[in-house]
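Common to both upcoming complexes is chain A, partnered first by chain B, then by chain C.
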Partner chain A sequence: MKKEVPLAICFIVALIYIVSNYFTGVEFLATMKDLLDKWYLSVDAIVVAIGMVNLAQIHGRRVANKREGWLFSLWLMLCMFGMFFVSIFWFKGTTHVGWNFMYNMIISPMNATVYSTLVFYIGSAAYRSFRIRSMEAGILLVVAFVMMLGRVPLGALLLGGNQAFASMADWLLNVPNSAGMRGIQIGAALGGIATALRIMLGIERGYLGGTGE
Partner chain B sequence: MWEKIANVDRRVIYALMILVIALALLNPIGMAIVPSQATIDAYNYIEAMPNGSIVWLGMEFSSGGVTELIPAAQAIIRQGFKKDFKFVCAGMWQQAGDMAEMAFSIVEKEFPDKQYGVDWVNIGYKPGGEVLLPALINDVNEAAKGIDHRQNQLSSLPLMSQFKTIKDADLIIIFCTGTPGEQQYIKHVTGPLNIPLIESAISVSVPGIMPFVQSGQIKALIAGMKGAAEYEALVGVPGPAMAGMDAQSFSHGLILLFMILGNIGYYATRNKKG
Partner chain C sequence: MKIAAGYVFSFWFEAVFLATVIVMINRARKGMKIPEIYKVAGLDAMDEAIGRCTEMGRPVHFAPGIGDVQNAQTLAAMSILSYVAKQCAKYDTDLIDTNRNVIVYNMSEAIVKQAYIEAGKPDAFKPENVRWISNDQFAYATGVTGIMYREKPAANLLLGAFWAESLIFAEVGAAAGAIQIAGTANTAQIPFFVAACDYCLIGEELYAASAYLSREPVLLGSLVAQDWGKMGGVVLIVLGTLLVSVGSPFLKDLLAK
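Up next is the complex of A and B:
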């Protein structure tokens, strides 16, 4: 019963959700779908709390045992619980000036900074990795060259206003890229369907905490 | 010497990158921006919408996407307000409300006759991820728990009397940096309800979005900062994207230069070893 009941719940809920997406206009199914959507919101919130507990356990142990990088773990916990408790007991809501300060003046700029540092990593990685060690690497280099010049006005400037690089970049994006991407996306979707079916039918049971056997 | 060229310290590359970007931003030379067909398609599609249309703006990004997406949003707002569009904004990303405020910060100066609540509403971030979208189809007021980003009651805003569900949108334009993004809109809203969708996305997302553009599920795509700069050129109001294209051009140029140098160094040292 310990496994059968959760498996039955999973199967029934998944079935209702799938059917309600394909057969619209049936009141019972629509009501059930709305209800499940609301439950999803509740589960989503609970998962955040579980994530916090999990992070606290992992990083708490690292701090207690003073393992390598324990100061970073301490900082992570201070920030996580700091924002959590301050938001609940002091700022009491997202409209508070203090909460807005912490969000807009600390979290938001850090978010933008992390993203903008990509340019440095990409620059350094491109320099090191785009070496013509084989024919495939050579093709990759030529494609990168065309894309990088075609996506900025510099390409046209180098050719005296001619948009050849931009045209080639558009072709690369529209033809070989789209063909590859479509294949990847269809493959990923089929994989998703297969995994969902395995979970629904009880073949994949990792979420029950077991090994799937 | 070839060894050095083949193995330049990454800190040198970082320092040169900062220098090049800073110089380009401080002294832009104003390279010519020629709009691509994709951006022209987006512009023409919006231009062909009837005056007074209600447009949903999905602000599905955070501050990391500001540089590429806010200029496109502002250019679209400029074009839309000239055609008396009404805008309703919201998003599944936590900073959606702040991003919308940032995009509409131009309104007070450039369109003083446009009023909050009458011509545009910022519902802001609402939690739930993609589950929010089906809820918006049923009832926007309920999905948003009755309040907007500025803590106004939605029922007190005149525009919301014309906008009860997302079905009331004549056009949906989304600004995305990732998931949730276009795939969720296509799945829950624009596909089933047959509402046209236009997207502005950051450059790194563009390759993955192209199949949706080709299938017609996305009517037009404004791709990255280049697309935003082209859109600014089409609207006729130069902005931060056009200014940023010089910096992007020179940073690409620097990376290409290092790629060439790296290969010269690699071949010179390889032959030496051989």
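Up next is the complex of A and C:
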């Protein structure tokens, strides 16, 4: 029963979702789908507590044993539990000015900072990959060159105002790139459907733990 | 009860696809011959990557993406994690699994723990190696970056739904000296993985992984059905292009029903 019950739940819930998406006029299905959506959100919120326990265990052990970098672990726990208790017992919601301050002045700028490091990683990835080791790499280099010049004013400046690079860049994006992406998307969509069907029918059970046997 | 407007064609297409999947699975179950599938370099390299970690005494890092459990890519990643965990348990190699979504973290922990139990080494399972970092995308990215710089994995497996953090993981993994196998169906991130990783599973290859790695005939049968679905899509594209070129909107209207 340890495997059969989760498989049965998976099949029934998946069937409800599929049928409620395709068919209209059945109030029961729409109600069930809304209920399942709400249950999912509730479970998603509750299991955050499990994640916090996991983090507290790992970093608490690091602090207790004073392992390398334990100060960072202590700081993490202070921030995590600090935000948790302050939000629940003081701010009591996301509309409080203090909560908005912590989100807009601390979390958002930090996210933007990490996102902006991508520019350096793109530079290092470009340095490593744009080398003419093979025909494909050579084509990649030429296309990247055209795309970069087509997207900055320097391209037109080099050609005395001629927008040739911009036109070539647009063509590369709209024709071969779009064709390739759409092909991948069609394949990925069918793959996703097949995976979902395998899971729904209980053929693929890797997500249950172990080999599913 | 009737089929919602705009979904009629897709309903029947999926019904035919489902029937094809079931037929091919039944053929495989009966031991009938099914077509061979082509080699996927990234999946063949999985054992090589784990072997490298075993020889070097360094851990394997596995990230199942930042998608939630509803995402098919995450479920495909869980199947691959099951295989990787089994191999790591067999060779006594540390496996560090970092998660962004808490539900996925719970699934990952159960999968890795079960793999160690099935390998006969329940005591070798280290709960602290399966980690939930943060629900926030870039907090997760920062956490994984720190783990890769400190732990220096010899293999970095990035399989699942990735967004902007994909290049961060790939570049940090390269800086740590890891062999990198990545795979995602998010088309915007595939170029980053192709450029920065040693092997890349593109789109549907990620979904094929569990069948490819296990070589179970039943799973391989569903892959063949998947390919037939793709061929059906190609036929529709060619027919649609021809019909629209001669001024007939028949197929276009049919697909929009």
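Here, the second predicted complex is superposed on the first by the 182 of 213 C-alpha atoms of A that agree within 3 Å, B and C clash if a C-alpha of one lies under 4 Å from a C-alpha of the other, contacts with A are read in each partner's own complex, and residues count from 1 in each chain.
Everything that follows uses one rule, which is that contacts are C-beta pairs under 8 Å (C-beta built on N, C-alpha and C of every residue); 3 or more make two chains touch, one makes a residue touch a chain.
No experiment lies behind these values; they were computed from the predicted model shown.
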- prompt: For the three-chain model obtained by superposing on chain A, do chain B and chain C clash or fit?
  reply: fit
Task: Please indicate which partner A:Leu35 is in contact with in the superposed arrangement: first for chain B, second for chain C, both, or neither.
output: neither
Query: So, A:Asn104: does it touch chain B (first), chain C (second), both, or neither?
result: first
- prompt: Regarding the shared-chain residue A:Gly69, is it in contact with chain B (first), chain C (second), both, or neither?
  reply: second
Message: Just to be sure I read the superposition right, which of the two partners does A:Val114 touch: chain B = first, chain C = second, or both, or neither?
response: both
Message: On the A-aligned overlay, A:Asp44 touches which partner chain: chain B = first, chain C = second, or both, or neither?
response: both
- request: Please work out whether A:Ile122 is in contact with chain B alone, chain C alone, both, or neither, and reply first, second, both or neither.
  value: both
Arrangement angle, chain B at one end, chain C at the other, chain A at the vertex (C-alpha, nearest 10°): 140
Message: Going by the contact rule set out at the top, does A:Gln185 touch chain B (first), chain C (second), both, or neither?
response: both
Message: Contacts for A:Ile193 in the overlay, against chain B (first) and chain C (second): which applies, first, second, both or neither?
response: second
Query: Regarding the shared-chain residue A:Gln163, is it in contact with chain B (first), chain C (second), both, or neither?
result: first
Field: chain B versus chain C - smallest C-alpha distance in the overlay, whole Å
entry: 5
- request: Could you give the residue numbers on chain A that contact chain B in one complex and chain C in the other?
  value: 24, 40, 44, 111, 114-115, 122, 124, 126, 128, 181, 185
Query: Which of the residues in chain A come into contact with chain B in the complex?
result: 24, 33-34, 37, 40-41, 44-45, 95, 103-104, 108-109, 111-112, 114-116, 119-120, 122-124, 126-128, 130-133, 141, 144-145, 148-149, 151-154, 156-157, 161, 163, 166, 170, 173-174, 177-178, 181-182, 185
Residues of chain B touching chain A in the complex: 8, 10, 13-14, 17, 21, 31-34, 36-38, 62-67, 95, 98, 127-129, 131, 134-135, 138, 151, 192, 203, 206-208, 210-211, 214, 224, 226, 245-246, 248-256, 258-259, 261-263, 266-267
Field: chain A-facing residues of chain C, complex
entry: 1-4, 7, 11, 14, 17-18, 21, 25, 68, 70, 72-73, 75-76, 78-83, 86, 102-103, 105-107, 110-111, 113-115, 117-118, 127-128, 131-132, 135-139, 141-142, 150, 164, 167-168, 170-171, 174, 185, 187, 190, 192, 195-196, 202-204, 206-208, 210, 218-219, 222-223, 225-226, 229-230, 233
- prompt: Of all residues in chain A, which touch chain C in the complex?
  reply: 21-26, 40, 43-44, 47-48, 50-51, 54-55, 57-58, 61, 69, 107, 110-111, 114-115, 117-118, 121-122, 124-126, 128-129, 140, 181, 184-188, 190-199, 203-204, 206-212
